[in-house]
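So, here come the structures, one by one.
The same chain A turns up in both complexes below, where it pairs with chain B and then with chain C.
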Partner chain A sequence: MKNRTIARYEGTLKVTGQARYEGEMMPEGLLHAALVESPIACGELQSLDTSRAATLPGFATLVTHEDTASLKPSAATALIREKAIHFHGQPVALVAATTLSEAREAAKATQASIAARTALTQMGQALDQAYEPAMVGRFPASTRRGDSAKALSEAGLVVWRRYTTAVNNHHPMEPHAVVCWWEGKKAVVHTCTQAIFGTRAMIAHAFEMPPADIRVLSRYLGGGFGCKGQLWWPWMFWAMLASRKTNRPVRLELTRAQMFTLVGRRQETAQDLALGFVDGRLTAIEHDVIAQTSTHAEFSDSTAVYTRFLYACPNVTTRHSLVRTNEPQPVPMRAPGTAPGTFALESAMDEAAELLGIDPLELRLNNFADQDQENSRPWSSNSLRECYRVGAERFGWAERRARSAAKVGRWKIGFGMATTLYPAIRQACRARVALRVDGSLLVQCGTQDMGSGTYTALGQIAADALGLSMDKITVELGDTGLPDGPFSGGSQVTASIFPAVEAATSKLRAALASIATADTTLPLGGKPPEDLEFADGMIRSRSGNASERLTGVLARAATDGLEAEGESPATDHQKLAASGMGYGAIFVEIGVDPELGEIRVRRVCGAFAAGHILNPLLAKSQYIGGLIGGIGMALHEQAVTDAATGSILGKSFADYLIPVHADMPAFDIAMIDEDDPHLPGGVKGIGMLGTAGIQAAIANAVYDAIGKRIRKLPIRIEDCL
Partner chain B sequence: MPSSFALACHNRGRTFQCHGDVHHMTQSLNANIPKQSIALSIKINGTRYEREIAPTATLLDVIRDELGLTGTKKGCDMGGCGACTVLVAGRRIASCLALAASFGEADVTTIEGIGTADRLHPLQDAFIRHDALQCGYCTPGQILSAIALLAEGPLSIDDIREGMSGNLCRCGAHANIVAAIAEVGGL
Partner chain C sequence: MSSASFNYIRAAELTDALARGERAGAAYLAGGTDLLPLWKASLTAPQEVIDISHLPLATITRSGDALTIGATARLSDIAAHPEVKAHYPLVCDGILASASGQVRNVATMGGNLLQRTRCPYFRDAGLACNKRDPGSGCGTRHGENRHAVLFGGSPSCVATHPSDLAVALAALDAKIVVSSANGERELALSELYPLPGETTAPDSSLRPGEMITAIRMLNAARFANHATYLKIRDRASFEFAVVSVAAALRIEDGAIAEARLAAGGVAPLPWRLEKSEAALIGRAPTEEAFAEAGALAIGGARPLEGNAFKIPLLRNAVIRALQTAGGQS
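Moving on to the complex of A and B:
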């Protein structure tokens, strides 16, 4: 597989404003929808007074839990089938009207009567009611290897601290939207989703329809980061019901404020972490996580999962527990689990290094895990030590002692580092390729491009497999009419599509080779297929000077072109011979103004090893984007619930701060190419790696600069004063 | 809405035509139920459009929903993200905070008006080469904001960062965006 820089496939469409996002469809007769929200956090809906709303100009219809009774019960319909109010801002009805402002007016004019109950509005109010979930994602919630209690009692040094992380919201720049209509018994659903096939399956279940009667489209997606998934479905279902009731297309688009409450968030955590050392080696780890989930659904990040195997340690105990509150439901968000989990673990490692009087980087090298101890198997590949070495060298980590607590103008300078990691796994995938007689190629796969570069990756993999230039490639994705592709999440898409596209294109290569070699009077006649290579629009013999243009071969015996499908299975976790994991080492330099408490990240060096990199240009963009997300979590982002009402305070970008241009440090990205024979094409995911590790690196740098150990995120001005 | 309405009128002059008098319109605003429509004649990307619009309609909603120019994006609808940035007489504004009715004599430029696939604006070309976008949703606003910013005469990379900070990006394309702008601006 080639590693090459190719400009973003759909870049021209995006810079000219021609890429049409799904909420921008404008079918004839379109109605606009708005949601009626509960003003309290806990209770039961008694009645809805729509008498005034129904008289307002443009009013078309109202959809409530009563309409939803026609949908089949499931986790996705529970919230809209029942009258229970679980959180402040929970929609109790959807109104559709001729224009958006008319819909909003009608929503405002709809009066909900709700019997209030006492709400639990913050995790701290009910820590005694914490319970252990069955699973955290695909991992067990609790694990115990060896005897950590005994090892801690015998350790020469114990670091035992509590670390906390705040609620973050995903906030893709494109708010969730759906434009949907019915064609007889068939549904057409244009919506921003990270999972078109999952969305189709849930519509099929809820509306009790054959999946073939539902078309879900998500061809351009204005970001997602984990929130364009299942929590959107109930509101999308309501828009579909409004369309069915009115027999008109309906558009529902969330407001930015609703993005704080309706589509998920990164859960807050309180993490108790104990590390035990004997002679600088980890002998015990205990990692206990308490996190928030809602009263209507359960979710736990895999926060302590990575603690189970990042370092070599014979005695490891981890636990996750949840507290139910009347707050919005959490879902995975950018580097789920690893971002909060590494904040605790990598902060504690820094504290341990300080107490042991050893360089933090050296402590990590000394505790490197040369195999996956949790699962008793080797790594498929692991270049973490190379990440440490390359990152430290490029960053100038060795200058740390000399430069620590130095001043540059008003800034006290601090260096910090931390490790990041994320599993390399795949989903099942199918892909179709169609080669036309003019040598152009259509590549189709029903996955989505969240902005991560999936259009480009699909095109590039297929182009390389057949030796075509990118201008010959057309990529189609984001439509359930295409072969089933993976959902966009968990850094899995590129790794999942690679083997499927490879399987499809290898069939085309075989068909082309058979045509090219059939006629012995032609240059490639009689050559063995394995002697042929595909490059520059030609089929060439590796052993001699013979070659033929691809178009010539097609014109001779495949004038209708050639088509093939390929498929590949998901990772079989039960049968893995080796654990696949991507790694990185993050080094940061920060400045803290000790008078003002202001914190600036000055520069970041990330050295990442994540298998084979397809396109360094796009990979670098993704790494930097991930790091910026991590800076947001470290220094900016925090959604706060008002204890009295359960409402989220300041539901706007004026109050929920995210990193902006002026916050940007200088970035240096090192990509360490790995050969990984265990993974198809040697591809590991890269999307999540940048967003973990950097939080601890920043906290460790703050300590280096001003001597204050801050064990909570975000780190704010007031923490540094 | 009344305060932004007043602000827009004050800033731009009363350039709209109204069916019924202004007093009447104010009443309907106060009643919070805009019943009337007004005739808007607006020039966007050199083309004049005539539409009947709600007097309270924002420039953003008219551009996207009435005229179908969906290259201008709605990210927050309250002036906090910059995705709706358009140029009015070369200056950048948040079109979600602008009352469409007050832009009747303005010369508005949206992303559709600065370049096409065949004839890209230098900034559009630089954005592609620097990979200054991922999901692309903030991109039109970033590019229009950058065009106006370069006309404002930034002197340094820090000026670009500061001047572009009203345009949020969530994928994290900032570094490449600033590199693309700096290249076109010769900084």
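Moving on to the complex of A and C:
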């Protein structure tokens, strides 16, 4: 497989506004919907007074939990089938009207009467009610290897600290939207989702209809990051019910303010971490995580999971527990688990290095895990040490000591580093390719492009497999009419589609080869298939000076073109011979103004090893985007709940801070190409890696700059004064 | 007419606008960068919106020592104006530290001074706020109050005034020219912005229908050589001040002859630090003098649970601003 820089397949469509996002569909007779929200955080809905709303101009219909009774019970319909109020802003009804402003007016005029109960609005109020979930994602919630308590009591050095991280709210640029209608018993649903097939399955379950009668489309997404999934389904169902009641298409789009309550968040954590060392080697780790979940659903990030295997250590105990509060429900968010988890672990490693009087980088190298101790198997490939070496060299880490207490203008300079990691996983995938007689190729797969480059990657894999240029390729994604593809999440789309497209294109290559070699009077006649290569729109013989154009081959014996499907299985984690993991080393230089408390990131160097890189341009943009998200988590993002009411405060981008352009440091991205014999195509995910590690690297750099150890995120002015 | 709509009138003449502005439910619209977001969030519901952005009020005129800037001048135009840049750099600094380039291209001088507080409880119609809804309570006082005032708060309200420009203008003793159908009057910024009372917290002392028509500075160019606007915030741009300080000095023969200090982010109006100013007079611009001014700046500060950090921050900010202003030539 080649490594090539190819610009975005859909780039021109997007910058010229020709790419139609699903929320932009405006079918004839469209009704607009708005949500009626609960003004309190805990209680039970008694009644809804719609008498005034129903008389307002444009009013078409109202959907409530009573309408939802017709849907089959499931986790996805639970919240909308019952009268319980679990959080401030929870929708109690959907109103549809002729125009959006009429819908909003009618929603405002709808009076909910709610019997209030005392709400629990802060995790800190109920730490004693923490409970252990069954699983954290696909991992057990608690693990124990060796005897960490004993090892800690015998350790020469123990670092035992609490680290906390704030709620980060999901905010993709494109808000969640649906435009849906019914065609008889069939449903058409245009919606932003990271999982068209998952969405279709949930609709089929809820509405008790055959999946084949449902078409879900999500052809362009303005970002997902983990929030365009299950939390959206209830309100999408309500829009579908409104459409069924009125027999008209219905459109619902969340407002930016509603995104603070309805689409999910990175959960708040309080992490107790203990590291025990003997002679600079880790002998014990205990990592205890308490995190928030809502009163209506359960979610736990895999926060302490990576502590189980990042470093070599014989005695490791990890635990996750959850506290239920009347706050919005958390979901995975880019670098789920690894972002908060590495903040604690990689900060504690820095604290240990300081106490041991050793360079933080050296401490990490000394404790490198040369195999996956948690699963007792080798790594499929692991170039973490190479990441450390390359990153340190490009960044100039060696200057750290010499430069101590340096000042540039008002800034005290600090260096910090940390490790990032994320598992390489794959889902089942099918893909279809159709070669037309003019030599153009259609590639189809029912996955979706979150904006991260799936169109480009898919097209590129197919183009390379058949030796075609990108202008001959058409890619179709995001429609359940296409072959089943993976959901977009967990950084695994490229790894999943690669083997499926390879399988499909290799069938085409075989078919083309057999036509090309069949007639011995022609140049390629009689050549063995392994002698043929596909390049520049030709089939060529490697051994002799013989070739034929693909179009010629097709015109001779495949005038209707050729089609093939390919498929590949999901990763079975239990059965793997080796653990697949992507790694990175993050180095940052920051400036802190010690009198004014301001912190600015000056430069970041990330050295990443994540298997084979298909397209360095896409990869670089993923890494930089990921790092920016990580800077936001480290220094800016924090959703605050008002303790008295349970309302989220400052539901706008003027209040909820994310990094702006002026906060962008210089980024230096190094990509270390790996040959991974265990993974198909050697492809690992890259999307998560940039978003973890950087938080600890920044905290460590703050310590380096001003000697203050900050064990909470985000790090703000008041922390540095 | 529903609360979601209003009559839009594009005023052609000042007298017409002033006559309409007196009516109940009327609101002036200049750049709209604050009025429209407030309206969209159901925080204000004017029945008639009078667009004043086309009135001939965007001029800059100089007469003698006075500079008069028309109220509808765009922030970006004033910040780029050669005369303002040369003689009133503090005004440019204050503007350029505000909002974003896009917002400044639309927002006006008058509108900026009358933008409403950023208090998150005020900006959410579902939450208690005496300023928006007198008598409903103050969510900030016992809630999230990192943003709240150190000075000038009352039991009813502890919100800060968000304008950077106002802080710069306060340091230059600018006067606000206000017109109504009855004529014109001039207000100091301390008169424009009342302190919150026991039960209410009005944003300004303007009477119904009164319009800011101009901002006037008298002999303020004397500070041009020693003035700075320091704004402290969590990110590098596009954020309101956590704390800000406008410092303006006149240094004569190596001694401070006049000093003006105003702080933002700490009070319901630009907070003049008069004790610090007085302590500087006659002193050489030294670290010692600056440190003393910094220490005096925080006297009488009354923090809430979440904003005590603003006390050392304000002290340090005053010192830093004086170092910058005093160090210029």
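The working rule: the second predicted complex is superposed on the first by the 721 of 721 C-alpha atoms of A that agree within 3 Å, B and C clash if a C-alpha of one lies under 4 Å from a C-alpha of the other, contacts with A are read in each partner's own complex, and residues count from 1 in each chain.
As a convention for this text, a residue touches a chain if its C-beta (ideal position, glycine included) is under 8 Å from a C-beta of that chain, and two chains touch if they have at least 3 such contacts.
No experiment lies behind these values; they were computed from the predicted model shown.
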item	value
Contacts of A:Leu649 with chain B and chain C, given as first, second, both or neither	second
Contacts of A:Arg430 with chain B and chain C, given as first, second, both or neither	neither
First, second, both or neither for A:Leu657, with chain B first and chain C second	second
Touching partner for A:Glu595 - first (chain B), second (chain C), both, neither	second
First (chain B), second (chain C), both or neither touched by A:Lys14	first
Contacts of A:Ser101 with chain B and chain C, given as first, second, both or neither	both
First (chain B), second (chain C), both or neither touched by A:Arg509	neither
Dominant contact partner of chain A by residue count, chain C or chain B	B
Contacts of A:Leu617 with chain B and chain C, given as first, second, both or neither	first
Interface residues of chain A shared between complexes with chain B and chain C	56, 101, 105, 652, 654, 659-662
Residue ranges of chain C in contact with chain A within the complex	2-5, 37, 41-42, 118, 120-121, 123-124, 126-127, 139, 142-144, 146, 232-240, 242, 309, 312-313, 316-317, 319-320
Chain B-facing residues of chain A, complex	7-8, 10-21, 24, 26, 56-57, 99-101, 105, 170-175, 220-225, 253, 255-256, 450-453, 617-618, 620-622, 624-629, 652-654, 658-662, 664, 667
Residue numbers on chain A that touch chain C, as the complex places them	39, 56, 88, 101, 104-105, 108, 257, 410, 595-598, 600, 635-636, 640, 642-645, 647, 649-652, 654-655, 657, 659-663, 716-718, 721
Residue ranges of chain B in contact with chain A within the complex	32-35, 54, 56-57, 61, 64-65, 68-78, 80-81, 83, 110-112, 115-117, 120, 124, 127-129, 131, 133-140, 143, 160-162, 164-178
